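Next up is a structure, given as structure tokens.
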Amino acid sequence: MTETVLETEGLTKYYGSTLAVDHLDLKIPQGCICGFVGRNGAGKTTAIKLMLGLLRPTAGSSRLLGCDSAALTPAIRQRIGYVTEGHRLFRWMSIAELEKFQRSFFPKQWDDKFFADMIEYFNLPKKRKIKNLSNGERAQVSLALALAPNPELLIMDDPTLGLDAAIRRQFLEGMIELIMRQGRTVLFSSHILGDVERVSDRIVVIDKGVLRANCSLEEFRAAVKKVILSFADSTPAEVDIEGLLHCRRSENELELILIGPADEQIGKWADKNGAEKYHIVKMNLEDQFIEYTAPANHRRLFRWEET
Amino acid sequence: MRFLALLRKELRESLPWMLLTAIVFLAIGGFSLREAHLYGMYDWSERYFSSRYISETYGLLYRHSPLQVIGPVLLLTSLGLGLVLGVRHFWIPYFTRTWPFLIHRSVDRTTIFWAKLAAAIITFLISLGAVWAAFYSYSCHPERFTMLPIKRVFIEGWLFIALGLVVYLGTALTGLSTARWYTTRIFGLAFATVIICATIFEWRLGWAFAAIIIGAAILLSQINDTISNREF
Amino acid sequence: MKLKNISKYAASSSKVVMTIVIFLFAVHILQIITVELSSEIYRMLTKTKREISAAEETKQLSDAEKRLRRIHLSGKNFLPDGTIHLTSSKERTPGLFDEPEKIQIHDANDVLIWQGPESENPYEYLSWSDQRSRPYTIYFRLTDKQMKNIQMITPEFSQVIEIPVRAQDGSVQIWRYLPASDLFMGYRLDGSKIGFLGSAGLTRSKSEAKPFGMLKFHSSWYPAGASEPTVLWQTSRRLYEINFHKQQVRLVFESPETNIKALILRDCRPLDAQMQKEQKIKYRPTIRIVTEDQKQHLIIKNPEQTLTITFPDEKWNDSLHFAATTEGNFLIHYDSEIRMPAAYFKSPNSYQQWIQKFEGKPYKRWVELYKVDNQANLHLLNRYEWTVLGEFLPKIQRKDFRVQVQRAAMAFSAPLYDLACFLLGPEFFIQRYQVNDFFSGSMQMIVNIRPANSLASWLIIIAMVGIAFLHGRPRRTSRGKLIFWLLFILAFNLAGLLTYLALNHTTIIKCPACGKSRGLAQVNCVRCGAELPAPKRRKLDLILNT
């Protein structure tokens, strides 16, 4: 039976009177690479900080590696790697000094060779101070510092934010390196669905603090569909197809966002309602995410969106 | 080992302020003390023995120690160092958003605070304490100052250094507080100011130290609780 | 776990202590500012009015009243035989700034007996200790308050008392007072120590020396022809004479029963002796010691004489002066009808009640000259009485808005002040910090500004408790906590409410279940008991915990 490394139950957080995270129930099994996605202000960073014990929940609980997040012991923290949002490190330290500092907290786990290899791979001089590094270089150092202690669980809060494509690719490759080690779990939040698609095997979608999806990436990709149906005359008044999330009408066309129905079911409905033709639009993960998290009755603002 | 790593890091961050304080105190204090010695400002002169002077003063004098000239410098640099170190240790991480990285170290949160406090104490001892002891030792020689050294003044100097630590704790509490500035956030610094007033207007050394110890204990207990439960 | 709970309780208690101290301080300052501001405004409003009324009053006096006014303002001077003269200044001729001051001398029947420049006055009167002019303005006095002041920790550090002495061999010795041990320590300029001077004299080591006792007052006594002062060192019960030149200590006086209240010297300095050469009346150096049992102890020199005089009334001590001359020992005493008897000192309102009897009415004053014999008995030589016009009495400002403002400010003070004054007595606060004007003033303010159990204060407190109750009810975590805070506000009034609000202003939201306000400290609503509801799940949410 796969062990659960991260578990939240009814996790709720209020900032003043604003609800940031609302009854988050989540279970992340060991060995999983979980992409934690949501729109801006959805509550991803808040949820991650709650899990790491950096914030106190208003209600509910969270457990990491079997330990209550509010009381994470130093021994548990040693097993968790954390890459902070924005890769905030001590600016006055050089890479070598930062390595020495980080190593003190992992006397037995620290992999000197791995860290040195990563720094060399990223082509970073060890004597350079953090304040003289670019965003991308800082992200690389941050990743190296998080991976060198060989953590069981790696949590990253928007790690590729502000990085160019090349650096992002290197960053993801570093992640894959960890993934290759057996039994390691990764939870990372991101706005870049391409990255999530590239490395994750599980997706968690949070919208306005509420959990909207927690399933494997394949299940998500398979479930979220966009169907465009054309009609000779007017479109049917009532759209009663199973799994309907959104429905947009134009003169003779219906654009439906569906969750879950099989392609045959769609075909049957089209025939039943007299559609001249229909086709299932191939969407990438980003499109699927946008449609999945779009509010009800969402209208397109720009005219070109309709074409 | 972890505590030492944290301590090294905090000391390194405090180093520029330690050096600056030591240089400023040494320069101003040393210059003033040397001037006092060279111009014989605290020496006994014949005019003290004239009958007119004796008549006017009823024969006695209120006398300051030669270290009088550096007392205000010591107090101000101590309070300033406390404020600056407090800002460096507790406010700057907030602005640079490095608190989450630091808090996620595999140590208790209070260990992080004790490392900062230890670094602050070492900074005070080196930059102010050692220099103050050197100045006092300089003033003890009869060739330099004919006035016998006043041991109480030496203790009062350490009192000023302790007040600097109280300001450090007050600044720390203000920096860690999550309240708004116009509510209770400033109370850490305000309370440190109250402790300073209670000490500076006191004539009994014991009570002055008691005020500092009680004030520091109140601030320490709150800092300990705040850093354990604060959200970063 | 236990240690964690202890530190948590210590932290929350210290937070409450810190916050209440700051708010008490802030409320205190606000009250002081309010009261002082009202006083300033009152002074500004009444200043012009006072000047005009004083000028108008003078114009309105009759000749008889002007005469009474002159008699009241004139100096009452006695000759050694007991004759009284009334001395008053004559107004200068307008425009003649170089004109010397002229005086007029009247006898007891108000007959003018002499007038002219003061320097040509043919009469020499008995002079009293307070009337003797000092040729120099700078002098160092040392009382217990000043001793504490010099030990005060200031940015320039504390001070020490040192007495420079030329020793018999001509070398310089410095004698430093050690307040912690109540001893003098002597040292030479090369840093070597001489010894310790205590009540038993000179000793080589500190442990052998006997302390003097806490200093109450210091002065100097100059034997004739001496160039070094002989210090008079007064403690609670004793007076020592310390001669540093000879390194000797002599006990001059010891009060057997009560503490020494005051020490007055006259004619003890070399300059006093010099001035005497030009005078007809020769004064003898005198130390006058007033003890708490209303006795006056006189130690007179040339020749040595000790007298102890007892007076029937405590207030005599404030209004008498003494002069020991070669022609005899004299005592002058002033008194008036309006002197308040001791019984009226019990409350601040007493003075108002007493003085109202004399408001606007003339009253009598008198001065008496006594001769003191060698058995310390008083023999009345002369008594002069005069009438004072009613307008000299300070007018009571009944319609004074300052009183209302002060009462209003006091209504916000902590009732705890009343309790503390009740248990410890107001004197505890006033005497506690006499050393320092800032603290003694603040302590005095606590005594002055306590609400004194006023109805307005209690009404305000009840209102504040109500505010806290309404504020706290939706936020409460436990009933005990809420009750604690309500009692806290009861004890500390405005400062307590501010503390409560500062430490308990947590967010409240509308309960989704019952729609009423609730806090977020507990999962369940304090009104309806419902938990925070979970969000409605969409049917289409892909939550598949595989």
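As written, the chain order gives the labels A, B and C, with residue 1 at the start of each chain.
By our rule, a contact is a pair of C-beta atoms (placed from the backbone, for glycine too) under 8 Å apart; a residue touches a chain by one contact, two chains touch by 3 or more.
Keep in mind the model is a prediction, meaning the values are calculated, not measured.
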* Structure fact -> argmin over chains of |mean CA - global mean CA| returns B
* Structure fact -> The chain pair with the larger count of contacting C-beta pairs, comparing A-B against B-C, is B-C
* **chain A and chain C: spacing of chain centres that average the CA atoms, whole Å** => 74
* Structure fact -> Taking each chain's centre as the mean of its CA atoms, chain A sits from chain B at a distance in Å of 49
* Return the distance between the CA-based centres of chain B and chain C, expressed in whole Å. => 34
* Asked: In chain A, which residues are in touch with two or more of the other chains?
  -> none
* In the complex, chain A residues that touch chain C -> 10, 12, 14, 16-17, 22-23, 27, 58-59, 205, 209-216, 219-220, 223-224, 243, 245, 259-260
* To do: Can you check the complex and tell me which residues of chain C touch chain A?
  => 507-509, 520, 523, 531-532, 534-535, 538, 540-546
* chain C partner contacts - residues on chain B that touch it in the complex -> 44, 48-49, 51, 54-65, 67-68, 71-72, 75-76, 142, 146-148, 150, 152-153, 156-157, 159, 183-184, 187, 190-191, 194, 199-205, 208, 217-219, 221-222, 224-226
* In the complex of these two chains, what residues of chain A are touching chain B? -> 49, 52, 54-56, 74-75, 77-78, 80, 82, 84, 86, 88-93, 100-101, 104-107
* Touching residues on chain C, where the partner in the complex is chain B -> 7-8, 10-12, 14-15, 17-19, 21-22, 25, 136, 138-142, 148-164, 166, 172, 174, 176, 187, 189-191, 218-220, 227-229, 231, 269-271, 435-436, 438-439, 502-503, 505
